[in-house]
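Some structures are shown below for you to check.
Both of the next two complexes hold chain A, though its partner changes from chain B to chain C.
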Partner chain A sequence: MGNEETIKAALLQKFPQLEGKCEIIRQRRITLEVDRSRLIELLNFSCSELKFNILCTITGLDVGDDLQFIYHIANKEGIVMNVKTNAPKTDPVISTVLGIYNGATFYERELEDLLGAKVEGLPEGRHYPLPDNWPKGQYPLRKDWKPENINQQNKKEE
Partner chain B sequence: MVIDKVVNWARIKSPWIIHFNTGACNACDIEILASLTPRYDLERFGILLRGTPRHADILVCSGPVTLQTKDRLIRIYEQMAEPKFVVAVGTCACSGGVFQGCYGVSGGIDSVIPVSAYIPGCPVRPEAIIDGVVKLLNSLKNK
Partner chain C sequence: MGRIEIPLGPQHPALKEPANFRLYLEGERIAASNVALGYNHRGVEKACEQRTYIEDMYLIERVCGICSHSHSSCFISAVEEIAKLEVPKRAKYIRMIIGELERIHSHLLWLGVAAHEIGFDTLFMYSWRDREVVMDILAMLSGNRVNYAINKVGGVRRDISEEQKEQVLKAVDILEERTRYYIDIVYSETTLIGRLKDVGKLSYEDAVRFGAAGPVARASGVDRDTRRDDPYLAYDEIPFNVITDDHCDVLGRTIVRAKELMESYKIIRFALKNLPEGDITTRSPRRIPAGEALSRYEAPRGEDVHYVRANGTDKPERVKLRAPTLANWASITNMLDGGYLADVPIVVAAIDPCISCTDRAILIRYPDSRNENLMDWNSLRKYSIDFYKNKGFNAKNIRMNIK
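For the complex of A and B:
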C-alpha cells in the first residue's frame, strides 16, 4: 500500500479540509469527497503534481436532494482515484474539467442530458446521447422522472 | 401472366438481404452472421448479404428501435426498391423486449415500419432464422 499512502499524504498536505473524507478503500483504489468549489483545484493538483492524468469516466448519480458526480481518474501505475462531489438539485452547477482533461466533453454532455446538470464552461453542442428532438427539461436518469413524461408529449405531437 | 411467374420465381430464388442493427446488443447480429456463413449456409436459398439497401429485397433488423436509429431506419427502408420485406430478428426487434418502455426506445420494429416476419429468441438460433426466412419465402410463392 506504499504508493497509495504517499498519494493520500500528499493530498492531505495540500488540502487539509479533506481530513476524514479521503480513504484508501483497497489496493489501488482511493476515494475522496470534495466540495464542488474546490473540485477544479483538486483535479488540477492531482493531474499535474500526482500524475493522475487519465480521466476514466465521470459517473453521475441522483442521491435524493443532491446530484453526485464521481470523477474516476487514474495514473499510469493503475491507481484509480474516485473524486466525489455533490451539487444540490436546485442549483446543479459544476464547472467543466475540459481545461484539465481534454476528453471530458462527452462525459459532461451526458451529465447535462441525462441528469440535468449544468456544466459551466462546456461549449454549446447537440444532444448526447439523447436524440436531437428530445424535449427540454426532461432528465431520464433522475429518480423522480417517469417514462410517461415523454410518452405524453410524443402523443401530443402525433 | 408467364412473365409475372418468372419474375416471382426469380425473386424467391435470390432474396438479397441488408442487415441493420437498430440498437441490438450484438448477440442477434452474431447469430445472423453465423447463419450466413458456410456452417448454416443461408446462401443455398439464394440469400446474399448486400452492402446497400438499394440492392436488397429483405431488410433484416435486429434489436429494439432506439430513438436515435428511428429516423435512419425509416430512411433505409425508403431507399429499398419494391417489393420489399422486413424481418425482425430477436425478441427485442419483435416487441421491444426488456427495453419496452425505456426512455430511449421507441419499441419493436413494427412501431416504425411494417414487418413481414417475426423471429423471436434471445438471441435467436441460426436454425430459427433459417426457419423464419424459409417461411417468408414460402408465403411469397403463393402470390
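For the complex of A and C:
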C-alpha cells in the first residue's frame, strides 16, 4: 500500500459509510471515525489488507456523555491511522482487539481500570495499572473524578 | 513432575524496579508465567490535565529518569503540531543532538546492567565509567546530568557554542573507540556469548504479533525505527542505518544496542557539522488552540507514543503516554516460558524495562487502612533526619570540603 490517498480510497471503497469521516490531517496521519459495531471489521481490514499491523496504543477519553476510544495503528511506512469510536457512558462496552493485535492486553486493561470501559472478550486477569484492592466504580481518568472521591467512599464503608 | 509456583517481586534483588512475576516451574524450567504491573503508577496523565502546558513540560520530563528528553520531545512535538508552531531548524538539531547523547547514555547504562546481571562486573564497571563521559557532556550542554530540560514550547533553552562543539566531538571520539572494544567483546568473548546465546528467545513472528518495540524488536529481525519510518525533528536529513539482528535472543539485543551506539556517534557528528545557523526559539502562545496530535519518538528503549488533545485553554484536555516498555511487556512471558529460572533476571533486563515510564501512582491511602494521615514531604524529610539521628548520625556535624 502506497501513500495516504490510496489508503483513504481503499478504506472508502470498502466502508462507504466513512464518507466525510475520514481525513488526512497531515503527512502520514489519517483520522477517521467509525461506529463501534463496525470497529472490529474495520481494524481487521486495516491490519490484514492495508498492512497496518502495528498497534501503537489505545487512547481512552471522557468526552461528556460518551467515552471515546482512539486506536492508533501504524504501518511500516510510518503512516498512522487514528481510528475513533464512541460508546455512551451508560453502556461503555467495546469488543477486544486481541484477535487482531495480540499485544493489546495492557492497553485494554488500562481502559477498564482508568475509564471504566467494559472490554468484551478480554480474558480475566489482574488489574493494570491500578492495585487489586482499588475500590469499585472509581475511574480516575473520568473528568468528574477527584482524588477525594476515594476518601469519601472509604469513610462511607467505615 | 509437580509444578511449583514462584512469585518474583514486586520487590526483589533481581529487579531494579517493581514488577511482579508469577513463575510456574517444572524442575528448573519455566512452564508458564504471568506478569503484573502498576506498582509505579503515579497518575501522570490525570495530573497533566490539571496543569498548564508549561508545567506539564516539567512533569513529563520526570516520567522517566533515563529517557526524560525522549518524553519531553515527544510531548512537545505534539503540542507544537497543534499550535502550528514552526520550530527553528537549529532548535531541531539541538534537540536531536541531546536525544542521541541520551541514547548513548541509556545504552551504556544498559550494557552495564546486563553485564552485572550475568556476573560480568568488569564490563559493568568499564561501561559505567565510559558513561560518565557522556554524562559530563550532557551536563555541559544542558546544565544537568539527567532531566536536561533543554526543550521549551517553540524551541530549546540553550544554544551550543563552537567551544562546546569541539568538546562534544572529542568525547564522541573517545566513546567510539571504547564502543569498538565493546562490539569486539560481544562478538568474541566466549563466556558472554555462552551466557547470552539462545536465552530469552523471541521469534520474528512473535515480535511482530505482540508488537515489540525498539532494540527488542530489531534484535528479532523486525526492521522498524521511528527515526527512519516516521521521521520527526530533522531525522529525514540525516544519514544513518537501522541496526537489526537475527539472533532473536539476549545476545542479539546486546549486539543491536552496541551497534546503535556507533550510529548515534555518526548522527551527532553529522548534526554538529551541519548545525544550521539561526534562532533557537520562536515565540509561543500560552493558550494552545483546540486540536489533537499524535507524536512518535524513537526513545533508547523503543517507540514513545504521545497523544495530546487541546481545548483552546492553557491546559490540555487529555495527554496519553505510551512508553516502549509497555509494548515489550506483552512479549516478556513469551521470552521467559521454556527458559531456566536462573535466566529470568537477564531476560527481564534485556528488554531494558523502565517501569516508571510504563506505569506513570496515585498517592492515596489504602482503603482498608485506618490511618487518616498521609505523610507529606516535610514530615517525610523530618522522619528521615530523625531516623539517622537515632542511629547516631547527624548531618549537621559533617563538614564538607568543596573545592
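As a convention for this text, the second predicted complex is superposed on the first by the 150 of 158 C-alpha atoms of A that agree within 3 Å, B and C clash if a C-alpha of one lies under 4 Å from a C-alpha of the other, contacts with A are read in each partner's own complex, and residues count from 1 in each chain.
Everything that follows uses one rule, which is that a residue touches a chain if its C-beta (ideal position, glycine included) is under 8 Å from a C-beta of that chain, and two chains touch if they have at least 3 such contacts.
Note that this is a predicted model, so its numbers are computed, not measured.
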Which partner does A:Ser95 reach: the first (chain B), the second (chain C), both, or neither? neither
In the overlay, answer first, second, both or neither for which of chain B and chain C A:Leu130 touches. both
For A:Ile150, is the partner it touches chain B (first), chain C (second), both, or none of the two (neither)? both
Could you let me know whether more residues of chain A are touched by chain B or by chain C? C
Go through the superposed model and pick first if A:Gly103 touches only chain B, second if only chain C, both, or neither. second
A:Asn86 in the overlay: touching chain B, chain C, both, or neither? Say first, second, both or neither. neither
Which chain A residues come up in both lists, the one for chain B and the one for chain C? 129-131, 140, 147, 150
Please give the residue numbers of chain B that touch chain A in the complex, ascending. 67-68, 70, 101-104
Chain A residues within the chain B interface of the complex: 129-131, 134, 140, 145, 147, 150
Which chain A residues qualify as touching chain C in the complex? 26, 28-29, 53-57, 59-61, 70, 72, 74, 76-80, 82, 101-107, 114, 125-131, 133, 135, 140-141, 147, 150-151, 153-154, 157
Complex interface listing, chain C residues touching chain A: 34, 36-38, 41, 43, 45-46, 81, 208-212, 224, 226, 228-231, 294, 296, 303, 305, 307, 309, 317-318, 320, 322, 326-327, 329-331, 359-360, 362, 364-368
